[in-house]
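Below are two complexes that have subunit A in common, paired first with subunit B and then with subunit C.
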Partner chain A sequence: MSTLSLMIFLPIITAFALFVTKIHINIVKTLYMIVTGIVMYLAFSLYVAFDANASMQFIEYHPWIAEYGISYHIGVDGVSLGIVMMNAIIMPLVAIALYKQRDKRGYWINLLFVQGGIMGAVLSLDLMLFYLFWEVMLLPIFFMIGLFGYGNKHFITMKFNIYTILGSLMMLIGILYVAVQYKGQFGVYSFDLYDLKNVKLGARESFFAFSGFMLAFAIKIPIFPFHTWLSETYRSAPTGAVIVMSALMAKLGAYAIWRFLFTLFPETSHALAPYFIGIGLFGLIYFGISAMSQSHLKKMFALSSASHLSLVVVGFFIYDVYGLVGSSYLIVAHAVSSTALFLMAGMLFERTKTYHIDSLGGIAAVAPKFALFFAFFALSIVGVPLTAGFVAEVLIVLGAFEYDIYVGFISATTILLAMLFMFKMISQVLYGKVSESAKNFQDLRLHELIALIPLALLILAMGIFPNYFIKKIEPTAKSFAAGKEAVYHE
Partner chain B sequence: MSNTFIALAVPALLLLSAIFILLFGLSSYYTKNRAYYITLATLFIAFFISINGIGVLHSAEILPQIFNSMIVYDTFSATFISLFLLGGFLTLAIAKSFVDKTNFFTHESFVLFLLSLFGMVILTMANELLTAFISLEIASMSVYILVGLNRDSLKASEAFFKYLLLGSFAASFYLLGMMLIFAQTKSTNLDVIAEYILNTDLNSQLLVVAGSMLIMITIMFKIAAVPFGAWVLDVYEGASLPITAYMAGVFKIAIFAFALRVFLKDYITFQAIYDPLIIGGALITMAVGSLLAVIQQSVKKMLAASSVVHSGYLLIAFASTGEATSSAASAIIFYLFAYFISAIGAFGVLSYISKGSDNLINYDDLNGLAKERPIIAASLTVFMLSLAGFPSTIGFIGKFYIFTSAIEAGYTFLAFFGALSAFISIYYYFKVIVHLYFKESGHLEVDYGYKVSLAFIVISALIVLWGGVGTSLLLDIPGINALNALSKYSLESLGL
Partner chain C sequence: MNVLTLLLLGPLVSAVLIFLIIFLFSKVHQSVYTFLALLGPGVSAFLALFVSYYSYFEKEVFSSHLFTWLHIGDFVVEAALKADALSAFMILFVAPVSFLIHIYATGYMDGQRSYGRFFAYFNIFVFFMLLLVLADNPIIMFIGWEGVGLTSYALIGFYYEEIKNTYAGNKAFILNRIGDFGFLSALMLLFLEIGSGGFDFEHIFYNLVQIDSGMLSLIAFLLFVGAMGKSAQIPLFVWLPDAMAGPTPVSALIHAATMVTAGVYMVARFAPLYNLTPDISIFIAYVGALSALFAAVVATREYDIKKILAYSTMSQLGFMFMALGVGAYSTALFHMFAHAFFKALLFMAAGAIIAAFHHKQDIRELRGIQAPVLFVMMYIATLTITAIPPFSAFFSKDAIMSALYASGHVEIFFLAFVASLLTAFYMFRMVFVLFFTREKKSAQKSGASMIYPMAVLTLLSIFAGLLNFPEIFAGELNISHWLGLAEQSHKVPHATEIILMGVNTLFIAGVIFYTYKKYAYTDAIEKENETSVIANKFYVDAFYHQTVVRTLQAFSLFFDKTISKSLIDDSINAMAFAYYKIGKIFAHAENGNVRFYALYILVGVVSGFIYLYFLLGDVV
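== the complex of A and B ==
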């Protein structure tokens, strides 16, 4: 088995094995740490071995359902490498931070399962394989919210599930439609991305197939107006699930737009790009303003995360090297920051038993270390210089200016919106009079520090030495943009 | 083993075993339990005889000088016969606790069980309308009585009468249709009719068209397609759980097998006339079935209603047989595999946890099962996911084939509506999972016993999973490709 397959199936198989055996929770946790540790090690070795001058590599190909040309076809390139790394790094750190709090086997089994599922979806180059993983990774989240969530969790997890599957099914019809057209034009079935991109579709057909795919991705990210599941789901989901959803699954949606839509429907994507840039910019403002008015910490983070993902979508749709590199970079940067922030929100809740910004305050006086990290991660989300988000946002804004001066102007100014609500939140939560709930606030414990410090270091490293990371993305971005350049920027 | 031997041995074995139990069942030595094991053994042996006929291409009329080409044994029938026998075996094996704990499962019920299987076996081999009718009635009659097995239950009696009256009424359409076809073609043999249809101008064979339509009504009735399926909820509700499983998982598939043979041999020529009807039927079947399934309070009735939706999916593929014959027809066969194993498993779990009670199994009865019985809950979850068409289960591959064939035939909107009703089905199937895993139970831990039944449930669940991801790359067990090849072979053996 190659490295990539191992990274997909080791967590999944371990999850199955843990499910059918009844072993003590401590052994489950230890196994979780070992497996995610191995995956992290594999990911680092992958990163080192990744050839910075090539695009798609580590390709593995086996026929799966021969009759329909469905294959087990995986590979990694500069854009997917970022998500793979995040998936591998975040999972063990989450476990370290939550080590003491979560004593249910299901929690850890589901996290392992979702890690494998996300890994598979990121690496798939076959549409059916992608669909399989795309759907399968939903189940653990469904179970995690239903089992370990808060509030009206049964209703919310069902709503989230149904909402997401509606998108997926429409994507399925899109996939099948494209594949059948391929059969009509080339005589054989294939679901391989590189085969299907040769299909010639009429404008109307292409638009409908595009919409099917886009619906699935738009719901998952979510972009306006498919966000109605978002804030409630994030609010009632347990910390582990929220991190997976905001840091990995949402990113996967944005990544899939680039990977599948831009490859399969280049003309349609390009023709519709202005609309999606518009929706993205609108989402940026809309989610930003909504976030400002939230008094629930997790809901606020949810909306701020949606706001940044809208920016990622804008970056992809502006179609050039800056936008693509910026968006890929923002995917990683935001994944790290939001993981850390949601982890800290979880710690906050564990200590104060509240998520309400109004009933918090003055934590900095009681717990300086907590305040330092909290402020740092909140600032890294809005893209303060020296953090990873800054580099990414600058790149996207540069790309936006290249695309259109007004788009550039709007995206540059609206990014500032995030500053507003984040600073407001920081001042309310950390400073001011010491509130009732924060009186006995315990500062960060050792295992929490162990989880947070690597994330902080990563953010700084990505902010200060962006070249080292960007050079892995660049070949992919250039080869992509070169192809587009020839077509669109005569 | 020669094919003639298989074709004769399987029905003969079923029939002889039925007669044996019937004759000796009243003696004190042959208790209910012994009859149960004799039935199981019969099915087991017959299954192992019949699987010799699958996977290789063959087609021959059996003893034409005696049966006058009424019976054809080909890969198609071999595949389905194996499926019925496996289905009958699994149903009974899982229902062990049910059989033990109820007093209405007497030795006669096993006779009826075997006779109904005998009828289905002949039905799939029938190459002639009259033989098909007789075997269909043998199977139907036995199933009617099996439905009403529990004489003390008012619901069962109601179900029995409803099914008997409506079923016989529907069967009369078949007779009328057959008569009309015979009046014009002077034959009831499918091959002869097919030849006549091909060689005659479409406008001058009105009787054949009308007759075929009448036969189609009977088929639609038996597969519970809307608007002919009004009986299905009450009958599935009234019948005891193993019988419901048997009807949904096995009997329905027998009807589909026969329908497929008639469709592909005869109807295909005037597909253009039928397509609008079948498309309309598929749409309202899916819509009404979904609606019914959503509003049910009991899991058993929900599964009954959802079986209507599954008939709707199959009708999509039937509508597509005209344009994309090979892929649509093999999609139907694969979907039947998928639905067969999922339905048997789902109903089997219900019958296992109901322990022979008359209980309908409401959603609330499943609360907290995951905590007490993780294996049962996980198996039921797998079956629900498969029925909902969730990827990594065999049900997804089935839906994938059906939707692909629909798009290939140019009916993208049908695939779209299929996906919509699959979307609705997520709600009612996942509701089961919500109750299994998320709700706290009020009742005490129950010991279900019967580890063997449990083992068969787990095996079915594993088949469902393996059928969804299985590949010979990992293990040398027949996976998706092998099942697909199986359906292709059985299709080719029809000699179209």
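== the complex of A and C ==
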């Protein structure tokens, strides 16, 4: 079995095995650590072996349901590599940070399951395979919110699921339509991405198929106006699920736009790009300003994520190397920062039993280490220099200016928007008089530090030496841009 | 190891080590922190003198290539340092003044709870400041630029137990970043225009001619927006007075001597660009003139000793921008050089007074303090800032005045003249109120680590003028020649210059005399009206709060509650519930009664027949 397949199926098979056997929670946790550790090791070896001069590589192809042209076709390129790495790095760190709080087997089994699902979805180059994994990664989140969530969790998880599945179904219709058209034009069925991109569709048909896919991705990311499930779901989801959703699944939605829509419907994507850039820029500002009036920490972070993801969408749709590299970089940078922030929000809740910004305060005086890390990660979302977000935002803004000067100016407001709410939140949570809830606040424990320090170092490394990381993305971006005839600036 | 690399990394290494010690050890003797805190800036200061020496005498250009920061297509950003004459001139005062203020701070912060944390931030600040002035391309410069803003944010809110202080820090960073928005946009446009020919300063200036004039003006304007934010000019100045919430060494180093002057440095650095855009240059001069006048007016009704100095800083920066605007770059830089010494000194003296007087800052409460050494130093610094000969600022400010006069913009000259008279008024008002009283209060003595750096700065305030001795006194304008910037020379005849100087000094002396009559040994200060428009800073802060902050909050609620919740989410839920209700209706049909099912079968069969009838009817 190849590295990629191992990374997909090791977690899934382990999760199944743990599900059917009833073993002690400590063994479950240990196995979780071992499996995610192996996946992380595999991911690192993949990163090292990844050829920085080539685009798609480590391709694996096996016919699966040959009759309908469905195959097991996976591979990794510069853009998906980032998400693969994040998926592999975040999962064990989440466990290290949370292992004391969570003593339900289901929690860890679901997390393992979702890791495999995400890995599969990122790596798939076959549309049926992609659809399968896309749905597979949804289920664990449904259970996690329903079983381990907070508040009105049953209603919220049901709503989230119905909403997401509605999108997925539209995508399935789109996939089937394209495959049938392929059969009509080439005489055989195929669900392979590289076959299907040769399908010729009329402008109307292409638009409808595009819309089906786009609805699924738009809900998942989410972009305006499909975002209303977001803040309530993030609020009631347990920390592990929130991290998976914000750091990985939302990014996967943006990635899928690039991977599938831009490949399958290049003309339509290009024709609709101005609208999606508009929606993205609107979302960037809309979510940023919405976040200002949030008093619930997780809801604020949810809207903050949405704001940045809108920028990622803009970066993809401007069809240019800077935009693409910037967006890919922002996907990774934001994944790291939001993982860390949601982890720390979870720690905060565990200690103070509240997520309400108004009832927090003065933590810096009692827990300086916590305050330092919390402020650092919050600032890394804002994109201060020497953090990864800064590099990504500069690149996207550069691409945006190249696309159009007004788009450039609006996207440059990204350096202002996150500050509007982040700084006030930092002041209210960390500074001022020590609040009632923070009186017995315990500073970071060793295992929490072990989880947070690598994330902090990664943010710094990506901010100080971006070239080392971006080298791996660049060939993909170049070959993509060359194909799209979006050239470098003359 | 390369000199510049060492110069830059010294403070960073210190900061990282201090952070590590704070993190790993709970109890460390304060002297460990002191040693580390002084080590980095000390090394930097020494090397800066070395670099400047060789730059000045040997015309040597130092450079250092660290690594390739980013390389995508044409977008090549090298993390490279270069000390040409301008950068060498900048580090000549930035690094030593930083070092002196660090020494001062070891005394000022002595025994405070977060001693180590303070110096970690303080050292990081020095690192970013050096990065800003040594960077060889504008992107790296921008990183330093944002970095100093960030550390300034952290240090303003240093006493975080009082949440207001952290809000002041937030305000500073947000306003700075509004400026950075302009700076970043300008850099992006600049890159798209000429970036493919190399994006270090040399290549940029070489290729400037390829840009058409409209775009060039836009870039120049946006760059200056960055400078407005950082150097606290109208309309982005409101953060600077609030920034005084930080510890006084921070005010001295960041909000007087170094960071706020970054805007001046940036405009001077882009001198070749501004020479091509005369409209924007004059705009800069106007902004500077208005800021100088505005700040000077507000300072006349200010009572907080640090805020008086803050407005004075803004006013002096306005003078520098006036000079930049008329193309007298080295004159502006020279004033900045002198300003770094006397303003740092004023702040340090103020800090010593505040520390000796139980951290009170209102000059009415501080009246009658007995501290002869501090008095002498503060008096010298005040004479310097009011441009009394032969102190350093006399030469620098006089050069600005004659450049303004020679440029032909009489209105700017007039504004500057009024502002300089007001400077004499508010500065001497402060000094006379503080020290010229009948009843005296004794104070604690300041420690040696605070006094000695101040003594050095006092000497520098007096003698720094010698470096750019003007031609009328048989000087050679050494700094101007060293910098060799593309100046637009506005020369006035020597006779005119002497008359200007004389009239100026005479008027200033008159103002000082008036101020003496009004404030020394009287209680005029107690009778001042605190509710006037001036005392309320022309309501600028209140105006911003009402318009910008309130509007944003209203929008936030509108977006979140009205659009997201009521409009979008409720209609999505309504759709789902409508589906549910339709399901309910169908559920009534499936009620378990056989007669109902019989009816359905009947209806089904009949409609089947009807369908068949019509279908077959056509055939038959």
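We take it that the second predicted complex is superposed on the first by the 483 of 490 C-alpha atoms of A that agree within 3 Å, B and C clash if a C-alpha of one lies under 4 Å from a C-alpha of the other, contacts with A are read in each partner's own complex, and residues count from 1 in each chain.
Here, contacts are C-beta pairs under 8 Å (C-beta built on N, C-alpha and C of every residue); 3 or more make two chains touch, one makes a residue touch a chain.
Bear in mind the structure is a predicted one, so any value in this text is a computation, not a measurement.
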| said: Under the stated touch criterion, which partner chain does A:405 make contact with: subunit B (first), subunit C (second), both, or neither? | reply: second
| query | Of subunit B and subunit C, which one contacts the greater number of residues in subunit A? | reply | C
| request: Check whether A:424 is in contact with subunit B, with subunit C, with both or with neither, and answer first, second, both or neither. | output: second
| request: Could you say whether A:271 touches subunit B, subunit C, both of them, or neither, answering first, second, both or neither? | output: neither
| Is A:154 in contact with subunit B, with subunit C, with both, or with neither (first, second, both, neither)? | first
| query | In the superposed arrangement, does A:162 touch subunit B (first), subunit C (second), both or neither? | reply | both
| request: Using the superposition described at the top, list the residues of subunit A that contact subunit B and also contact subunit C. | output: 162
| message | List the residues on subunit A that touch subunit B in their complex, please. | response | 19, 62, 64-68, 72, 128, 131-132, 135-136, 139, 142-143, 146-147, 153-154, 157-158, 161-162, 165-166, 169-170, 172-173, 176-177, 179-180, 183
| task | Would you tell me which residues of subunit C are touching subunit A in their complex? | result | 23, 67-75, 117, 139, 142-144, 146-147, 150, 157, 160-163, 165-167, 170, 173-174, 177-178, 180-181, 184-185, 188-189, 191-192, 195-196, 552-553, 555-557, 559-560, 564-565, 568-569, 572-573, 576
| query | In the complex formed with subunit A, which residues of subunit B make contact? | reply | 374, 378, 390-392, 397, 400, 403-404, 407-408, 412, 415-416, 419-420, 422-423, 426-427, 430-431, 434, 437-439, 469, 471, 473, 480-481, 484-485, 488
| said: Taking the touch rule as given, give the residues of subunit A at its contact with subunit C in the complex, in rising order. | reply: 159, 162-163, 225, 227-228, 286, 289-294, 321-322, 325, 361-362, 364-365, 368-369, 379, 384-386, 390-391, 394-395, 397-398, 401-402, 405, 408-409, 412-413, 415-416, 419-420, 423-424, 426-428, 430-433, 465-467, 470, 474, 477-478, 488-490
